[in-house]
Amino acid sequence: MSKPEKIIPLIQKKSIEALLEKGERLDGRSPTAYRSVRITVNAIERAEGSAIAEIGNTMVIAGVKMSLGSPFPDTPDKGVLIVNAELIPIASPTFEPGPPGEEDVEISRVVDRGIRSSEMVDLSKLAIIPGKKVWVIYVDIYALNHDGNLFDACMLAATSALLTTQKPKTVVENNEVKLLEEKEPLPIKTRPVSVTFAKIGSYMVVDPSYKEELAMDARLTLSFSENGDIVAVQKGLPGYFSYDEIMQALEIGEKISRDIRKHLPPIPTSASND
Amino acid sequence: MKSDQAIKLLNDEGLRLDGRRLDELRPLKIEVGVLKNADGSAYIEHGKNKIIVAVYGPREVHPKHLTLPDRAIVRVRYHMAPFSVPERKSPAPSRREIELSKVIREALEPAILVEKFPRTAIDVFIEVLQADGGTRCASITAAAVALADAGIPMKDLVAAVAVGKINGKIALDLNHLEDQYGEGDMPVAMMPGLKTITLLQADGIFSKEEFKQALDLAISGIQVIYRKQREALKKKYEKMIRTVTGGGS
Amino acid sequence: MSKPEKIIPLIQKKSIEALLEKGERLDGRSPTAYRSVRITVNAIERAEGSAIAEIGNTMVIAGVKMSLGSPFPDTPDKGVLIVNAELIPIASPTFEPGPPGEEDVEISRVVDRGIRSSEMVDLSKLAIIPGKKVWVIYVDIYALNHDGNLFDACMLAATSALLTTQKPKTVVENNEVKLLEEKEPLPIKTRPVSVTFAKIGSYMVVDPSYKEELAMDARLTLSFSENGDIVAVQKGLPGYFSYDEIMQALEIGEKISRDIRKHLPPIPTSASND
Amino acid sequence: MKSDQAIKLLNDEGLRLDGRRLDELRPLKIEVGVLKNADGSAYIEHGKNKIIVAVYGPREVHPKHLTLPDRAIVRVRYHMAPFSVPERKSPAPSRREIELSKVIREALEPAILVEKFPRTAIDVFIEVLQADGGTRCASITAAAVALADAGIPMKDLVAAVAVGKINGKIALDLNHLEDQYGEGDMPVAMMPGLKTITLLQADGIFSKEEFKQALDLAISGIQVIYRKQREALKKKYEKMIRTVTGGGS
Amino acid sequence: MSKPEKIIPLIQKKSIEALLEKGERLDGRSPTAYRSVRITVNAIERAEGSAIAEIGNTMVIAGVKMSLGSPFPDTPDKGVLIVNAELIPIASPTFEPGPPGEEDVEISRVVDRGIRSSEMVDLSKLAIIPGKKVWVIYVDIYALNHDGNLFDACMLAATSALLTTQKPKTVVENNEVKLLEEKEPLPIKTRPVSVTFAKIGSYMVVDPSYKEELAMDARLTLSFSENGDIVAVQKGLPGYFSYDEIMQALEIGEKISRDIRKHLPPIPTSASND
Amino acid sequence: MKSDQAIKLLNDEGLRLDGRRLDELRPLKIEVGVLKNADGSAYIEHGKNKIIVAVYGPREVHPKHLTLPDRAIVRVRYHMAPFSVPERKSPAPSRREIELSKVIREALEPAILVEKFPRTAIDVFIEVLQADGGTRCASITAAAVALADAGIPMKDLVAAVAVGKINGKIALDLNHLEDQYGEGDMPVAMMPGLKTITLLQADGIFSKEEFKQALDLAISGIQVIYRKQREALKKKYEKMIRTVTGGGS
């Protein structure tokens, strides 16, 4: 859904920068302070997995639905993962109804890359009859309240929903897949976390609030796997970063990702799928 | 009526599968002001339905030519999250969602003093997070509270419930199973204080006698829901008072 | 197709109400008088069924096409019925070209419910190989001239087209469906009829004309099966009804439905499909 | 040419499957003023084609920026009802319908005195209720009559017919079967009084000689259709006179 | 993609007509002179066939992709040909992004008819397992620079791409189609060429430039097969032609088509497909 | 990383399948001013990528309400021709194309002096005619040249290249095969003169050390590309001079 032009008076941008020069932010945080994170899982019993992620006043819900389907022709021996984020007008006066716009698409694809590149879900364990029947995982993400940093909030909601997903066990009889009553978690290998930075004038802050986003020139989202590897990067908006700014964000981001990860549900055990 | 399979929806004592009497509502919980950005908002759990509603407005309309010179336009978007139902729903609006957006708007609008805000829009955004039968009614109930929370002047709240026919008996507040395997479904919305009906739909087969009985039952259920709506609003109001006067949250 | 805002001068609404206070209407009818109904069937030889329905100057055409297809997964042993009404710009200066809008969708769904709830067509007799091959019935309805009460006109055209539909007989040989030359009617159980009321100010009239629709505050469509049962109800527009008004509409509507039904083609006999 | 199957479309006496001679039109019936709301309208039965046309305008254009300062814009929507063809057609406009809307518009527009109505639109809505070959031509024939019925000033009517090639012979006014199994199809529209060609399309294979023969045959057929158009308009005009002077319907 | 209204000052149209009265054109050509034609084939190695066609400064690219698919139900024993032309905004300041508009659709269909009616590609030789598996030929055409006469340029690019297409040979084993390494050309029977005329006032010119198109009242595209037969005709725009003008265009067009055909790649030999 | 199949992308001498060293660019060819109508244009062959870019603007914006009072808007459409990839791509824009249009726009915009042209649009249209890995980077490289060719004032050019990880090694300028079977891909765009990064994306798995190494390698590659861009522009400029002064083409 497309957003109307978000305008911020120049004077407000200047006052944010003036504060940053003193190392301060509008809401009292330090430049490297992340807002409080809260994850609520299993809010939607009807979904196979679900989570509400809150970062300060930003709130996002994600639900996981599992179904049996065909694999993609180029990956016949893997399950299918589809991530879809929508910035619905519930979440902000600047969001409008309608089909997903470029911002929705960008968030969907960045979350998808964070999950896929980190190999969070072992898709090779989700092919039931390779080439024929595989598990299809739909992760649908809906923004409920937008107070900045929807990228990280969507990532948190999506990964938390996947971490708590319970799908039916299956048996194959005469080349037919039978779903059993018994449930099991997804085969999870790591818990990727994204950390987003905003550049405002010549300053960098982590986890921008909505007001800071209005003033930001560029955005940098870094996703880290459990062992600190970088698994997805996305620079956004018509500003730029220096080499040093990126290296600095990498150091700080990786540290923060460890703190945030503590709020995530644990990696489920006995995720064997054979 | 949607399926031929004869399913026993009432036990020998005349109780329903979830233990309710025929004239009994499902558990109902309403929270007011759950979203920070919206001008008004509400969250409802009605049975296993979980629905969130945001109200924005009165506000400017884009494009301008949609405005009306003598009143506000009311816009409603009813949407089901893909994960709200057993089989994932495509996120694109279905014909059902288009119709329900229209009838919900027409159920709410009679209560809103639209002539107070010419050339503006009042937007009601409804997201069904989990569906369990009767989502349009629960949406209306929550939306009316969200409108009040937004400070939109109203003639009355609007409260809604579906009645239906299961195993030949008229029953209040059908759940998903009863809706699917019952013989009729009739959603009703009212301005309870003014005793006027603002939404009425039905499918299934009702004799004239059954229809009257069903409508009477709906009206009695709506009174209960109306009370819950006012309690929820009062609770938020009291909380605000407490906050303002330093009484804490 | 969306309609531009239909505006009626307040003075015209007032004059309609003043007439109604005296029990009179613009076109001389009494509040409970329905306009003349005319049904022309088999206008389109190429369709399996067709009908033009006229209510006064309102004119609607419906065509039925039958094809073999797959059943819906949740009703494997039933035929499929799809109703699609379009308010094309031929019918009114207020209708615009484009994909169906909310008014088209509402009429489609209300006609669909009237037919489906009444079990007019015995869909269980239209499964040829249950779970595999069933008859798919498409009812396409096009408004040709809009002088009010399109809901009832669309319902009349759709039911008349279904009542006169002739489909090929079928035989199943080696699990293949063969269409025979011989034709037979659809298995019809009842003939639902809808009756629409308009509320204008504090008055109710049946079968509103276009001018009355411009002045109406609320609309109520009641559909009745052959034995007088209510099979579909739809309240529309941002007005309301009192309890008594609804009960009154029920009584009057049921009587009128009997009169209208006399214009419908008879229920076809020998509709056996086995 | 659309199918390889060699089908005998001419019998030993040189008559066509429906009994016509090669230079014979199908039965043609035109009614004027069949729709109450439209500013002008016509219904045509040409062979088994059944087509209804409504004209609205000259009228205001929304959005405004589509208007032209020195003339009316002409808009044409050619649409086939889903039930007009043997296999149900999706109601969404196909590429074929988009192209035909364009060429029909360009066939009619040369006849309309568009400069008389600057900043307005003249809308022509065509609904094919039953199709039997040659729908674009029958649509043009009916649309020209509907434009005249709407009182739009015109240089001339526009009349149209398709010619084609069946079993190697040039034939007038192909029906559906001849169109499908013939070797060529050439729709032609003219302002018959002014002898100017406003639509010309062809597919199939025509030698230069055949092409000329086909065009000549089309022109002769168009003259017959032109007479029918004028008769239909005259009939309505006389009826109006009778009505006005009390002569009854 | 829809074009914004193309406006030409009346005075410019008048000056073009004044020139034409003297038998002259803006760019110095005679009324029956075609601009220089240039064909570049195999520009896109990844496509099975490709060509860039230039007519003066007008430039168009076409690519052919071949895949295995199902035949159309009414032609089970033939391959499938799909032609798609897009007037992308690269080519002209008057083209806008968006889904294909009526001009794109018209060009696609006229090119399609020229290829299909002339039976250029022998589709009956492209059914591998009749009724089941056939070759599907996609011809995608993109305008790169629009200096008038896109109809002919698109036709030239499309036919040249088809003439140079190389598809894998196939064998059928146990009712399965196997693609071989070895390549072969398409079964081509003739090389249709289209010639477009513009009518400006009372004058006719061949191969109109962009400036002439702005002034033209009507357009006539004639397509000829190798032996001079007419295989497709399309009159466009809200002007008209006299009988004599059409006959004249036929004579001139046929001659010009022979000249243009010399620029086309030859008909490939050994196009047997059995 | 997109496929599990372990493929040997480096031979025993550490050379890549196409014979390149790890830090070696593919052949690169840039032509300026290839399209007559566009205000600026460029054609790039980068490896087997073949991409054409047209720039129109600064020009008027329709609809008006999209304009900005203090600067030009930049609009980018990145599109892949259906025949540019092994399996025909649908011509409708995919989610990938929508995202890439956005990030390419945001990579170019920092270099454009948008505040010089308030209330206008600068349109960049990119058509990928053949794709071979790294199309977004080659598109940026070509688009920057096309912008310069259009005479749009810029702070600097923007040059781009992708780095990645193949068989555990950091490699410059991945081709399609290396992208598909490698372990990571990182497209980078810079204003090379200003040393600022305007596009940065990554997927795959990079340790912090690898990431730094990859970014360093990208920056060195970008300097080479930057030189090629300036050469291409200079060549055209010289050609223009020659043409103007009668030096011939």
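Read from first to last, the chains carry the letters A, B, C, D, E and F; within each, the first residue is number 1.
As a convention for this text, contacts are C-beta pairs under 8 Å (C-beta built on N, C-alpha and C of every residue); 3 or more make two chains touch, one makes a residue touch a chain.
Just so it is clear, the structure is predicted and the values come from calculations on it, not from any experiment.
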Target chain D, source chain B, minimum contact steps: 2
Hop distance check: chain A to chain F, minimum number of steps through touching chains? 1
In terms of CA centroid distance, which chain is the most far removed from chain C? F
Would you identify the chain whose Cα-based centre sits farthest away from the centre of chain E? B
So how far apart, in whole Å, are chain A and chain B when each is placed at the average of its C-alpha atoms? 32
Separation of the C-alpha centres, chain C versus chain E, in whole Å, is 48
Where the CA atoms of chain B average out and where those of chain F average out, how many Å apart are those spots? 52
Hey, how would you classify the chain contact layout here, line, ring, star, complete or other? ring
Around the ring from chain A, first stepping to chain B: the sequence of chains is A, B, C, D, E, F
Hey, which residues of chain F end up touching chain E in the complex? 35-38, 48, 50, 52-54, 56, 59, 62, 77, 79, 81-88, 91-92, 123, 125, 127, 129-132
What residues of chain E sit close enough to touch chain F in their complex? 4, 43-47, 50, 57, 59, 61, 63-65, 67, 84, 86, 88-93, 97, 99, 138, 140, 142, 144-147
Residues of chain F that touch chain A when the two form their complex: 1, 3-4, 68, 74, 95-96, 98-99, 101-103, 105-106, 109-110, 184, 186, 191, 195-208, 211-212, 215, 219
Over in the complex, which chain E residues touch chain D? Could you list them? 5, 74-75, 77, 102, 105-106, 108-109, 113, 116-119, 124, 220, 225, 228-243, 246-247, 250, 254
